[in-house]
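Labels for the chains are A, B, C and D, by order of writing; each one numbers its residues from 1.
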């Protein structure tokens, strides 16, 4: 696929009032900014306004730093509670992936990157088991094995410290928990807030926690699903980015549900991660706006 | 649509062992029985065997009572725990529908019956409000208004007694709670076990109880759903017959979720009720086999 | 559901260039216009820009005629090829429905209107058969029976003239062909361009023309679908508004496909009609933008 | 996942009549055969009967050759038109995959095999381009590059001869055209009848032939899909094994449709191939029964 032209992406949120669209659009128009994609949303429940704009980089007479500088002033006009970000698609996004033994999500993500479908660099893969070292390295990506001792809180803490250091060294735009199976300590959740993306193998809020397919089988549900969400200190309760489901029936054993569910996990994680990397996800409280 | 020819439907469940299929199939074959549809399932978790057979009525040399008599003996060969039923599609099914104020499920069911798509008689509609009397009677169906006093346990008990009497008079094959909004007392659940069919407006087990769309909106889910299940004394926890979901996004208010969800409720209830009336649903513990 | 507050809806399309959003947004902001919902789209293939804006009526210091007058000038700035519309949600939409014998879509639409879910008046239902007169009149809506002689072109022409006159008298915002089964003459298609909405019982462009479920069964497809589209002189080839599908399998006869497909037809028609009546559908060439 | 126990799979089709189920079931029961899974279907349109049975290998007192010998006699009782097969899950299935440049389906299949999810050996991958040699060999699988000269019919014929020889050497149970982009000559289609599985990137019969996503974009459809089917001499017209769709909208360019569609292609191919390898697909005329 041809490389799309370079763009600046502006995301902005603030308490709603009249004139916000006009202010931003006029600022861009006055500088010749060619808007390629624009989306707006007002949430009546919270009275919050959200927007995302994609502008052709070559249509503006200045670069991304100047755009940021000028946008800082605009954002300030809308009060101290506004939040915004200006990113440059010319800067390639970096991803670190955390895994355990199950490889389906990792195989899927590496395949997408190799096929040019997910436009990002996987800087490193870190596993608490070494099972997935081979495929990772076959893609030319460093694999780090950090064992997590099962019943040793101190050892676990040390392992997390090592993972954290390995992750942070890469300054990633996303830390993907691709069926990592270890619960992040609260301080790591806080540190990686808004960039740690998890895939949970159920349609949340159903079946929080361990062995959701077993829970689903016991309850006799007719669909199983998966949820991609930002990691927070509350287990499986962070802002949801994407969800989907697949049909199961009485003929499906737990193993069949696991197999069918994996297809949903892969697709949901890939979509959620793509939107995150394209700066399409705006978080407000425990909800997301997906532009 | 042309009326399908008359059939006998045999459903049977027992602990699995070899020879069950051979026994039933040989019995039918020995009597010239023409099997039009047959389904089998063995549940490895419980070791239980299930089957459903549709036989052309005119292929057997005897009627449904004789078929029942002969099948009693066959079932007995497979032990005291087996359960079975023989029904005759020549006997038209009767349905009683319980409603409150919201009419979308009732409109949908009446439309399906009128269009000849749901092959059953609606014997009566009972509402704790009178809002849906008009459309019911326009279809030539009796409507009974049984008010439920809000804060008067005694009055509520009397109302339930009246509902029960009105229902039982019709000896229905299904009692449909089409957004009835009243919780059935345990003894009514017990009495109507296996024939009281409820539609719950969420993808259970998520969002049990009241105002599930409000709960869903607050949690920020990306799909809302509906569940058709048998009513048991445990609220919204009975055996699930059918479920489905529809996509929502950040632009959807609670009112939008309600509107989108209604389409799922209608479709899920219609499918679940059809399967129930066609004797396609076999209940085992808290799970269903849908043939 | 509570009545939403009154709004003005602006839709606009023109060749893309910088500054369009700024111009419209500034015009609204300068007049205190409170934008409740806004959507933009640029089609790179055709170089066309589209927008739809919903503004709170009470936020503007003038009424809908003045808004139209002022917007005429703005639209003119963007050249002779631009197209636009300003509508007022305070004016209730009128719909005329054309039917034949099959009632499932009519039942569905009438149920939605009665339940307050489709915010429009059904001014009249016209049938080339009288089968659906009863249910229509039960909803208090006039039903006109206009027979179409099968092998008499002159009689057919006269029938179409009568239908047309009955439709046009009501000045409807939408003419819904709810499984009407008669092919509109080209001049009627031209007259009703952009407001005649058809439901076709296949996932177009598969299975154009008659008996699509029979065609689908013969081809052995694993999904059947439905398509809601604007009527044009090319049979089943007009701009598509909405489509959906449902799973079928080898066990489904043509009659089963018809039954399953009906659920899709109803849902797809209802969504398509809603979007049309809410001025969410912008047509460009043979494609639609759905805001 | 634990290895399921060894099973024999019997598939059988013949003109319908009474007593078929009884005959097969009695034969199995008389020999102590433990049926783990059984499915039956009668097609009223063609009057054909189909069945598939899975029997625990250790429940029978003889091996697969004896089972085949005995089943030959049973099949003969039902006439010369019957067709049947007995396979042994103890014999691991072999797959050869044909590819071109696009790797998404190959990555997906290799990932599934590596994750133990698709229980088969990939004997070889053959490409008319060499792009996918690296990933194939990283999985320890031989890759053969057979260039297809563009405008040289003789060269093309020679290339096909080489592909054929490379395929046939492996005696595969399935030849997967994973976006191979070359049209198989009729004699190869005939030779590989019932084992050449193609993935076409549209919801057939819409958009046969080249560049289906471009066709879909031009028509303005609201869903794109994929079809897994057996290859026959009629292009994209063979018996359909599986299909699915994904939603697109006006904001999706052809490139977006390609990307979204790939997820459907991968899932549909994987499901279709799994069912083929598990002997769940029975072909009758141009239709399939999927058990």
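Here, a residue touches a chain if its C-beta (ideal position, glycine included) is under 8 Å from a C-beta of that chain, and two chains touch if they have at least 3 such contacts.
Since this is a predicted model, take the numbers as computed values, not measurements.
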| item | value |
| --- | --- |
| Remotest chain, chain C as reference, centres from CA atoms | D |
| Magnitude of the superposing rotation for chain A and chain B (Cα, nearest 5°) | 180 |
| Chain A and chain B, separation of their C-alpha mean positions in angstrom | 41 |
| Gap in Å, rounded to a whole number, between the CA centres of chain D and chain A | 35 |
| Contacts with 2+ other chains: residues of chain D | 37, 251 |
| Chain contact graph, described as a line, ring, star, complete graph or other shape | complete |
| Residues of chain D that touch chain B when the two form their complex | 18-19, 21-23, 25-26, 28-30, 32-40, 42, 59, 247 |
| Residue ranges of chain C touching chain D (in the complex, touch as defined) | 41, 43-45, 203-207, 217, 219-223, 225, 239-240, 242-245, 249-251, 253, 286-290 |
| For the chain C and chain B complex, residues of the former touching the latter | 1-2, 37, 102-104, 107-108, 110-112, 114-115, 117, 135, 138-139, 251, 255, 258-259, 262-263, 267, 270 |
